[in-house]
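Below, chain A partners chain B and then partners chain C, in two separate complexes.
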Partner chain A sequence: MANPILQVENLQICVRKKPGVLILRGVSFHVNAGETLAIVGESGCGKSMTSLAIMGLLPDAVEKLSGTIRFKGRELPIADNRAMRKVRAAEIGMVFQEPMAALDPLYPVGKQVLEVIEEHEKLPREMAWARVIDLLTKVDLPNPETLAWSYPHKLSGGQLQRVVIAMALACNPDVLIADEPTTALDVTVQAQIMRLLKRLQRDTGVAIVLITHNLGLVAHTADRVMVMYAGNKAEEAPTRDLFLSPRHPYTRGLLDATPNPERASAQGGVLREIPGTVPSIADPMSGCRFAPRCGNASELCRARFPEPTIEGAHGYACHHPGTDARV
Partner chain B sequence: MSNTLLRIDDLHVSFRVGKTMIHPVRGISLHLDRGETLALVGESGCGKTTLARTILGLQAPSSGRIAYDGNDIAGLDRFGLKRFRPHIQCVFQDPFSSLNPRKRVEQLIREPLDIHQIGERSTRLKRAHEMMERVGLPTDWGRRFPHEFSGGQRQRIGIARALVMQPDLLICDEPVSALDVSIQAQIINLLWELKRDMGLSYLFISHDLMLVETFADRVAMMYQGEIVEIGPARQVWSNPQHEFTRRMIDAIPVPDVTRPPPPAFRIDAK
Partner chain C sequence: MKPIRRRFPWAFLAKRVAYGALAMLVIAIINFFLLKLAPGDAAEALAGQAGTADPVYIAQLRAQFGLDQPLLSQLWAFVVRLATLDLGYSYVFNERVSVLIFSRMPATLMLMGAAIVIAVIGGIVFGVTAARYANRWPDRVISFVALLLYGTPPYWIGLMMILIFAVTLGWTPTSGMENVLAFNTGWDRVVDIAHHLILPALAQSIFYLAIYIRLVRAGMLEVLSLDFIRVARAKGISERRLSYRHALRNAVLPLVTVVGTNVGNFLGGAVLTETVFSWPGVGRLMFDAMFQRDLNLLLSILVLSSFFVIVANLVVDLLYAIINPTVELK
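Our next item is the complex of A and B:
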């Protein structure tokens, strides 16, 4: 099912006018039609910057240094805001972390969904409104006709996120980027939202790029996973492979640091931690950026950044990959 | 000296928001032994933070008893509270908003000692530095300001500031939920070591049942202002009794691909 709908090649993003301060240090990946790709990493690893780049929403303080982003084979004009307006929502939808911040408090939620439809399609108002009600129904909101006229503050966090999902899917995009869509929500609501996303994916065939730091979510919702660390791709693999035989020490560290009641607890503490902190983006280190925190690091790691190794669907960038399987 | 450090009996808290009265805490009773970690788990709005604030004397209870080491603290006045506060300290959720950005780190950590006039000026600074070392911060960073630290380091500052008073009980209100997974593990392990070395007791407030299962001795599940289930952490996780606990566990994605997704994640679930 090698049918990449979205292809990112060697994407480098730097602080504007400072090509030495790299936020993304050359990241390549693809998303196949209809699949869920999870992008995992900790704050500052570049996962949100990647999604903003795809949407052409990079903040003014940064710019693309090199690389291409292709959607259905053609390059996205991410620096051209007018051209990108036609892509956003119509072809690539986006769900943000804070549903309250993603909606305008001064307009009823139905109007905000309507706005998306009217931006992209010429429809009589009644038909567009019928579509709004239909969308709100599809995302399982109760009494959509009444709810459409509610202002955001009247809705709960989970309901707001459903509205945002309705907006993102209003024009049947082929790709949905969900940036930490459940981080602000309670765990039972998180499950409802993830279930909704998976069901909508099954019904519409939309590909989902799920950006998250929650490995539990990844385990149960993603087909493939890309792990990022400090602006680099550390590892990429089908979900099962990544969990059962992670090769990159950072992936292993993340899995070990995640609380898991079904596994025996680690020695010397309650959780196995990764010592140290993420290096600053301005740090001009030439080697592997994980080396200062890595137990296997050698001179080679500190001197040269590891070239990616590809083994089938599994890829990783490490000089000394772990080989033992995890149970 | 009894083994029970904190005992709460039928505590109610209510206050007015606009024109309506709300009752975030509805008749809570619990006890915490010396050296124990009790986790208070619930979803947002269940009243767990209000309960913590009431124990700290930041919110007045409308009825009920809070006994600390046998003494009732629910009805204390300003002066009584000040004498009592050194015994219970708190670590807050957000390491960004809980530190004054205009004060140097060593000042921030020393401040509780200044307020309570504990020791001489010079020894206070020395104690602040000892505490920094204890939580894993280099003492020569004492002259820096909070913005120069990462989230995890700031949470270490918050812990140092709480522990410089040598409290018996530390209330941790979601101390790691703003942190990344690898840093979260560092802070949890630090809290665990400090407890072991300093003989602390923790009231650990969290929404993350999976995290507290690895860390707490007992877990109290809180739902709509009441404790609906309380017991040994392992037991609550593996054999939940209350409907709310079961519903929460069914929704928690355990990071394990060899087991089926949790029931709440299945597309065809209702």
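Our next item is the complex of A and C:
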């Protein structure tokens, strides 16, 4: 196995003081240096909560119940805000979903990038500022010297997201968590931002954890994919394997629900949806949490949660995995 | 690294000055008619003090003060005097009105300034603390005390403070602005005045302090829930820096607006505070002018007050544009 830089083991997150109400039900995964891991799943499956946990930014209403998060081999003290401050941005950077709301409206964007550098590195002001201009140039912003003094309301969503990316990479972190970085942007801008992220990854060797529900984005950018469902890891595989031979019925459902001209005729021109809804996080069901919505569910599925099966790089948690290859 | 300077909004300033002058004129005219509606005039008041009700004497006084003229010509004379910055003569106090007002003005401005500074700084410090410890004990204590202060009449607080701090504990003087008999000069005089200032400034600020605490706390809680705070937190910034540099500056915007609109209230409150603490300011002068039916003096004070309120609001708008770069003054 390659060198895992970030390792999450059996992470369980529950509503504060309510260990029965689990948001993450024991999730394990790792991220190798320099690779891109995509975490996909529908809203509320726990993918954002996973990333916030890694940053030590869990909302007050929830807490870690068990599990460890290791960065470069040492455990991250995610409940210790003071200790985590040295990790944030310096070692693990984060890009958020809504670039329009991500910056403080009252400070020029350059100053907000500068703030990261000043927080983590003892640099003379002039050198730090030169680094800010350099960063803004690297994220392809025009006229960085002028733009650095612009206030956020003067910039477009795409430009703001570039500033946020510059901010996240200002101190050369080893991991960049991108939580739906393109959801709020136009489709053309989405492609530009993803190309930018990939180029920066090539230049700096930063590992990217891409959190998204856009499978098209995943196909083009990720090395490996982890599919989450209702607080569990459903499936994990190299991107190509996952798209060509998905094993978990939830993954297959997701793929069927993605517009795809080639497959459309095979499905009679209709997008197939996954019936039913996600179970409540307070629901104490003992079996597979996807069973109520699954066409192949058996008594076994409803009775016992499926242990993960590992086949090489491909892992899934299902009693009755599908086997047919796909278009 | 050189920031790009924004141009000073001269056009905005010119427009606001013109509007302000117009507003002052309208306020002066309305006040003129309002005060004329009240029964009695300076002639009657003076005659009463002299212990006479002789109609001939009163008529003579009225003629002397110009009170026998038709209402509209009195108004015209008043407006013309205002326009030429001549506030006239007070027959009740036997002094030029401008001299009367300007000898009292520093005391009132000092009291108002101190009260505003206490209310704003206290509001920010306690408000931010309450928000940072939302729903924990520091917040509960601050919020409860703020509510208590909010609901207590300011004059009662003033009297109680005199009773406790001046009479019982003897920490501060009971009233007045300085110990005249000590003939202090220089630094000694500053200290003496500050000593006299503490109680009235506190008494006048307390109601607003309570409002500002609640305003800052609510504003902080709202801003702290915004996305950019989480982003800033993800940058590894300390909670203190987050609170004061990012959250507070955003949360303080509504406070600036409210303080601007409260300047008028502070002036109005000065009447009460100055009376309770025998503070020799414009507020008490206004009170006396009212009792003596010295309408000219009273009108002059009111017009001057409107001037201060208008200027304060203009300053607030300029300040707002400095704090909030998304605001463009046109």
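In this text, the second predicted complex is superposed on the first by the 321 of 327 C-alpha atoms of A that agree within 3 Å, B and C clash if a C-alpha of one lies under 4 Å from a C-alpha of the other, contacts with A are read in each partner's own complex, and residues count from 1 in each chain.
The rule we apply is simple: a residue touches a chain if its C-beta (ideal position, glycine included) is under 8 Å from a C-beta of that chain, and two chains touch if they have at least 3 such contacts.
The structure presented is a predicted model; accordingly, all values stated were derived computationally and were not measured.
Q: Have a look at where A:73 lands relative to chain B and chain C in the superposition and call it first, second, both or neither.
A: In the superposed model, A:73 contacts neither chain B nor chain C.
Q: Who does A:260 touch here: chain B (first), chain C (second), both, or neither?
A: It touches chain B, and chain C stays clear.
Q: Touch check for A:243: first (chain B), second (chain C), both, or neither?
A: The answer is first: A:243 touches chain B but not chain C.
Q: If you stack the two complexes on chain A, which partner ends up touching A:214: first (chain B), second (chain C), both, or neither?
A: In the superposed model, A:214 contacts chain B only, not chain C.
Q: Between chain B (first) and chain C (second), which does A:190 come into contact with in this model arrangement: first, second, both, or neither?
A: A:190 sits against chain B, while chain C stays out of touch.
Q: Check whether A:273 is in contact with chain B, with chain C, with both or with neither, and answer first, second, both or neither.
A: Once the two structures are laid over each other on A, A:273 reaches chain B alone.
Q: Taking the superposition as given, does A:284 touch the first partner, chain B, the second, chain C, both, or neither?
A: After superposing on A, A:284 lies clear of both chain B and chain C.
Q: Using the touch definition from the top, say if A:120 reaches chain B (first), chain C (second), both or neither.
A: Second partner only.
Q: What is the shared patch of chain A, the residues that chain B and chain C both contact?
A: none
Q: List the residues on chain B that touch chain A in their complex, please.
A: Touch residues, chain B against chain A: 43-44, 150-153, 180-186, 188-189, 192-193, 207-211, 213-215, 237-238, 247-248, 250-259, 261-262, 264-267, 269.
Q: Quick one: which bits of chain A touch chain B in the complex? Just the residue numbers, please.
A: 42-43, 157, 186-188, 190-192, 194-195, 198-199, 202, 213-221, 239-240, 243-244, 253-255, 257-263, 265, 269-275, 277
Q: In their shared complex, at which residues does chain C touch chain A?
A: Per the stated touch rule, the residues are 1, 3-4, 226-228, 230-239, 246, 249-250, 323-326.
Q: Which stretch or stretches of chain A touch chain C in the complex?
A: The contact residues of chain A facing chain C are 55, 57, 81, 85-90, 93-94, 96, 98, 101-106, 108, 110, 112, 115-116, 119-120, 125-126, 129, 146, 148-149, 151, 153, 164, 167-168.
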